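Each in C-alpha cells, the structures are laid out below.
There are two complexes below, and they share chain A, which is joined by chain B in the first and by chain C in the second.
Presenting the complex of A and B:
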C-alpha cells in the first residue's frame, strides 16, 4: 500500500478549486475591467493541467505498484498483468477513462491559453471560462460520481484483472486517440462560443482554430480506425464495423467535423455559411459529448447497468442540458446579427461553393441518419415496453447511397472553380475522368461485379482518382513550364506552396483507398462455417486449408487451445494458429484469437469454435478481400492531414490582403 | 425563424428522451416467455435431498435464479441473493429457487461452500435442459414466476441491491393479476 492514490486524489481536488478560478477570474476580469484577472485565469489553466497530471500519475503509479487497496486498480489489473497493460490500464475502465478525458481537456485548455494568448486577446477570457466550465463538469463527475481514487477495505490480495479483450495494443491506443479527437473539438468550440458572445463573428475564430480542427479530426479518424482494427482481429467475427451504438457515437462527430472543415473554406473565401459553420462546430462538440456519455453512461448499451446508478446519469444529463441549451440558445439568439454581415451569395449552381453546400448536405444528413438509427432503440424502449435493435441493414441501406453521393461530389468539387464554371472548363476537365468512370463501369461488369452499389462505387472511385490525378498533373505541368524544372521537383514545389489544398487531395485519395477496402470486404467476403476432424481440409478462394492437429500454447497470464492449420496456395505453404485463450486460469470467458494472414489483395482469417465430439473442432473461415486497404487508406488520410497541418498562418495573411 | 425553433425543439426532444431513458433498466429484457406459463421442471437437488419441481411451489411467487460455478458475475450477484434470502425467509408468499446449470454437483457445492450457502434450494441441470427450455443464454439470469405459475419478469445479469423492493414487490403487491 502506498500513498500515491491520495496524492492523486488531493491533486484532483485542488484542480477542482483552480478550475473554478479559471472559470470565474476571466469573467470577473471582463466585468470589472481588470485585465490582471484574465491573466489569473490563464495561470489557473496551467495549474489545472499540472494538478491533473499529478492525479493521472497517482492512478498510474498505483497500478504499477499493484496497489489493490485502490478499488479501480483492483477492478482492472492483477499481479499477472504485463507491465505494458498495467501502465495503460488507467483507461481500461469507466472511471479512469473519464480522468484521461479531463486531463486531455486541461492539456488543450493550457495549450490554447499559451498559444492564443497574445493573438486573440478579445476571445481569450471567454475561451478560458468555457473550457474551464467544461473541465469543471467532468471533474465533478470524476471526483464525486465515478471516482478512480477510492480505497477498498479490506484490500484484496489480487485484482480482478483487466478484461482480456482489452489486453491488446489496438485497445491501448484506441481510447486515447478517440479522446484526443473528441476533446480536440473543445477548443474550436470554445472559440466559436467566444465569437458568438463577443460578436466577433467574422472569420477570425475559424483561422484561429483551423489547426485544432484538423488535428482533432485526424486523431478521431485514427481512433476510429484503431477501434475497427481491434474489432477485426480481436473479436473474431470477421468484420470491423457493425454499426454498434458505441461505434456510431464516434462516427457522428466525425461526419459533422468533416462537413465543418469543408464549409469553413467557403466562409474564408466568400464569407458565406457563417451561422452554419457555428452550428456545425457546436454540433460536433455536442456529438463528442454525446458520444462520450452514451459510451460511458450506459444509456444505450447494457455494459454498465444504469438503473443501478441513477446519480451519475442524472448528473450527466444535467451537464449536457446546460451545455446544449447554452450553446444552441446563444446561436439562435445571435443568428440575426450574423446574417447582416454576409457579403456574398451563391450565384451559380455549378461552382465550388455549391459543391461544398451539397457536401455539407450529404454529411449532415448522414450524421442525422446515424443519429436516428442510434436513438431509435432508446426511444422505442422508453416509449413502449419492447426492445428493438437497429442493425447493419438499416445503416447500409441509408448510408451507402449517401456515401456514393459523397464520392461523386469528391470527384467533382475540388476542380470546380469558385463562383461559376464556364461550359468550356467543364468539358475540358471532365471529359477524360467521365470516360474513365464509364470504362470502369463496363470493366467492373465484365469482371463480374454484379451489385449495383459495387459498380457505382467503382466508377465513382475511378472518377475521383482521375480528376485528382489530372488536377495534380495540370498543376505540375504548369510549374514545369514556368520554372523549367523536372516533373518531380515541380510537383514538390506545387505541393509545398499550397499544402492545405494538396493535403486535402491526399486525404481524398486515402479515403478512396478505404472505400476500395469497404467494397472488397463488404461485397466479396467469403465465409465457411464447418466442422473439421484432424487431417480434413477445405477450400476457400484459392486457398486449401488443412486442420492438422490441436495443440496448446501458454504465456504467463493465459493458456490457450491452439489449432494448427496448414494453408496452401500454389507453392506457398503457411501455418496458421487460431486460438481460444483463457486468461488467468479460468476466471473469465475464453477469448478468440483469430489467425490472420494478410496479403495486399486479401486476408485469410481463421477462427476456431468449440470442440465437437472426440477430436472434431468447429471452424469459421473467412476470405476478406482488400481489407488491408482500409487500414492503409486511413494511414494515407493521416498523412494528408499532416501535410495540411504544416500550412502555417501565411495563407491566412495573404488571404486577408486579397480580401 | 422556423429553423431556430426546429433546432431548439430537436435538441430539447433528444434531452427529454434521455431523461425518460434514465429509467430504463438495461437488464430488463422482454422475453417471449413473459406472461406465459412457466415451463415446469423437475430435477435432482444440489443438496442431495428430495428432487425438486417447480409446480410444487405453485401458490407462491418464485424467483428462479439460473447460475453456475463457472460464472464470474454470479460471484458478484451472490451476496445480494444471500441478503435477499435472509430478508424474505419469513415471507410465505415468496421463495427463491436456484438452477445450477452447465455445472457439476461438486462444482456447485464448492461454489456455495466458498461464497455462502443460502437457505433456499437448487436444482442441478448439468445438461442445460431446463436452461434451454427457459431460453437462458447466459448467467446469471433470473425469472419471477407468479402464484399461478406464469413468468412475469426476466432479468439478465446480476440482481442488484434494492431489486426486490424496486421491481419485484410492486409486481407482487399489484394483486398478482395480469398487468396491462
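Presenting the complex of A and C:
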C-alpha cells in the first residue's frame, strides 16, 4: 500500500537526473554542432513530464489510500475527509503545491518542445535548457527542502485533517488556475531569453509566444477572481479583496503581464519598446516566482518562522538571485543589439503608441505600489526590531486613481490612430462619447452618487462603453456598405477578420463590468452588526430580515449551529441559513458559513456570531451592491481572451509587412 | 521640425507630470498607512508618544479577563505579553478563533490615558496561517511566563 509514495519519490528523483540532461544536452548540441543532442534534450523534456506525472500520482494515491506514514498526507488529510478533497489535497499544503507547480512547468516545457520544435529550431535548444534549469531548481526545492515524500515512523492512526477552510470547491480550483497562470509565463520568458542569446532581437519571440502569454494571463485572471470569490463566500467578512500579501503576490504579475501584452503591440507595429518588452516579460516571470515563494515559503506568516528553516530561505533567495542576474545581465549585455533597429521614435502625445506608453506607466507604477506595500513590512522586520503592517487604506488610496487613469486610457487608446491624430478625427470620434460621459456625470449626481470617485468612475465607464460601441458600429457600418450585408453578418465578419482586436475590446468591456462591481460593492456596501432575539426583525436596504429560530445541521465530518432567517422583499420570501460549523477531527476551530442570496443588483449576506444571553444571537448583515458583476465581468474577460486566442499568426505577419 | 520637437517635448512633460503625480500619491499614502506593532510592555513605556497614532497590539487574551456586557456586542478583555497587561474594549462580532488564553492582535487608535478601543480584532487564523504578529516575541514570552507560573 505504501509502495505508491516510494514509486512517486523514485520517479521524482529520476526526473531530477533527466532535467540535468534536458539542461545540458541541448547546450552540448550547440557547442559541439551535434543536432542529435538537441533531440536528446527534447526527449528528456518528455521524460521529465512522464516521471513527474508518476510522482504526483504517487502522492495522490497515498492520499486516496490514507497512507498516514507519509508526513504530508498525515498533515493534510484524515480518514473522514471526503474523497473529492482527498484527491485534491495534493495542493492543500506547501510541499504538494510546489510539486503541482513543477509538474505544470514540466507539462508546459514538453508542450513547447512538441509544438515549437519545427517552427523555432534556432531558439529551441535554449528554450529547452532554460525551462530545464527552472524545473531543476524547483525539483531541488521539492525533493530536498520541502518534500511531500517524507515518511513518518511510526505512522499515526489518523491524519490531522485538511484545514476546514480548505475543504471547499474553491480550494480544488483556485490554486491550479493560479499556477497555470504563473507557470504559463515561463514559456514566453524562455523564448525571450533564447531570442536575446541567439541575437534575434526582433519581434519573433513575441509572435511565437503570443498564445502562451494570453493563455497564462487568462488563467491568472481566472485564478485571482476565483480566489476572491472563494474568500467572499468562505471567510464571512463580506468582502472579496483585502490587499492581503497572499492576494498581492498574484496581483503583481497580473499587472506587469497586462502591461506586457499591451506594449508588445507597439513593438509589432512600430518596432519600438524592444528592451522594455523584454524587461516586462522577465519581470512578470520573476514576480510569478516571487508570488509562489511568498505564499509557499512561510515567510509571510513570519520572517522569524521562515528564518528557523534557513535552508529553504537561502535556497529561494539564491534561486531568485540567479534568475534575476542571468536575465537582466543578459539584457544589459545585449542592449547594443536592441538599439538602432527601431523604426522612428515616439513623437506625439496623442496617438495609439503614447496611449500604450501611459497604460504601461500606470500598470507598472501599480505593480510597484503593491510590491512596496507587500515587501516593506518584511524588510522592516528583517532589518530592524519593529514590526509594521501596511493596511488596505494605502492600496485603495493609490489604486482607485490608477484605475480611473486606466479607464480614461481605455476609453481613448483603442480608437486613437497610430503615429498621430488629426484634429478632425479627434472631434469626430470623441464628441459623442465625451458628451455621454458628461451626461453620466450629471445623471449620477442627480441620482445621488455623492462620492467623487463614484462619479468619475461612472463617467469614465460610460466613456469607455461609448467609444467601444462606436468603434464596433463604425466598423460594422463600413462593412455593411462594402459587402451589402446585414448588420449582424457584417458584425460577424468584422470580428472574424480581427479576432485579436475585438477579443481585446470584449476584454475591456468585461473589465468595465468588473469596475462597476468594484465601485458598487466598495463604495456602497452597507454593514450592520446587531443582536436579534428569535422573532425579531431588522431592515437592510429593501430587505426585511426576521430571525426565526436556531437549528442545527450535520454532515458526516462536521456539525453546525444554524440560524433560520426569513428574508422578505415585496412578495419575495426566502429562507437563509447561516451556519457556524465545527469539524470533527483534530482541529476544533469553528468556521463561519455565510448565507448569501445573490440578485443581479445586490447580494444579501448574513453571518451569525456568538449566542448573546439566553436566546439571542449576534448577527452581521451586509448588503453588497453589484458584487456579482465582479464575477460576471471576469467571465466576459475570459471570453474576450478566448476570442483573441483563435487569432492565427497570419494577421500579425501581414500587418508587419504592411507597417 | 520645431513642431515635431514641441510635440515630443509635450509628450515628455506629460510623462514626467504623470509619473511625478503617481509617485507622490504612492509615497504620501504610504507614510500615512503604516501601522506599527507594539507589545503591551512597549506601550506602557511609550504611551504619551503614541497618542493619536494608529497601532496594532499583540499578545494573548488573559485567561479569565473576557467580560461581555449583557445584551450588547460590547466586550472588554486584557491583552498580556507576560510582563504587563493592557485593557482593551471592542464592540462587534469577535472572530471565530478568538479565545481566552489564545493569541490576538488588536488594531485601533491609541489615546493616552484612556482604555484602548479596538477597531479591529484579529485572531489566530489557523495552525498554518496566522497574522504576521502572532508569532511575535510577545506571545512566545507570554506562553513561557505562563508555563513558569504553572511550574
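Everything below uses one rule, namely that the second predicted complex is superposed on the first by the 650 of 659 C-alpha atoms of A that agree within 3 Å, B and C clash if a C-alpha of one lies under 4 Å from a C-alpha of the other, contacts with A are read in each partner's own complex, and residues count from 1 in each chain.
Simple rule for what comes next: a contact is a pair of C-beta atoms (placed from the backbone, for glycine too) under 8 Å apart; a residue touches a chain by one contact, two chains touch by 3 or more.
Small disclaimer: the values here were computed from a predicted structure and weren't measured.
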In the superposition on chain A, see if there is space for chain B and chain C together, and answer fit or clash. clash
By the touch definition at the top of the document, which applies to A:335: first (chain B), second (chain C), both, or neither? first
What is the contact status of A:386 with respect to chain B (first) and chain C (second): first, second, both, or neither? both
Touching partner for A:163 - first (chain B), second (chain C), both, neither: second
So, does A:313 touch the first partner chain B, the second partner chain C, both, or neither? first
Check whether A:375 is in contact with chain B, with chain C, with both or with neither, and answer first, second, both or neither. first
Just to be sure I read the superposition right, which of the two partners does A:321 touch: chain B = first, chain C = second, or both, or neither? first
Under the stated touch criterion, name the partner, chain B or chain C, that contacts more residues in chain A. C
Pick out the stretch of chain B that clashes with chain C after the overlay, from 6-14, 132-140 or 168-176. 132-140
On chain A, which stretch or stretches are contacted by chain B in one complex as well as by chain C in the other? 301-302, 305, 381, 386-387, 587, 589
Seen from chain B, its contact residues with chain A in the complex are 4, 7-8, 11-12, 14-15, 17-27, 29-30, 70, 72, 156-157, 160-161
Going by the contact rule at the top, pick out the chain A residues touching chain C in the complex. 93, 163, 165, 300-302, 304-305, 345-349, 354, 357-358, 361-362, 365, 368-369, 372-373, 376-377, 381, 386-391, 393-394, 397-398, 401-402, 405, 529-531, 580, 587, 589-592, 607, 609-610, 612-613, 616, 618, 620
Note which residues of chain A are touching chain B in the complex, please. 279, 298-299, 301-302, 305-308, 310, 313-314, 317, 320-321, 324-325, 328-329, 331-332, 335, 375, 378-379, 381-383, 385-387, 586-589
As the complex stands, chain C meets chain A at residues 4, 7-8, 10-11, 14-15, 18-19, 22-23, 25-26, 29-30, 32-37, 56, 68, 70-73, 91-94, 96-97, 126-130, 132-136
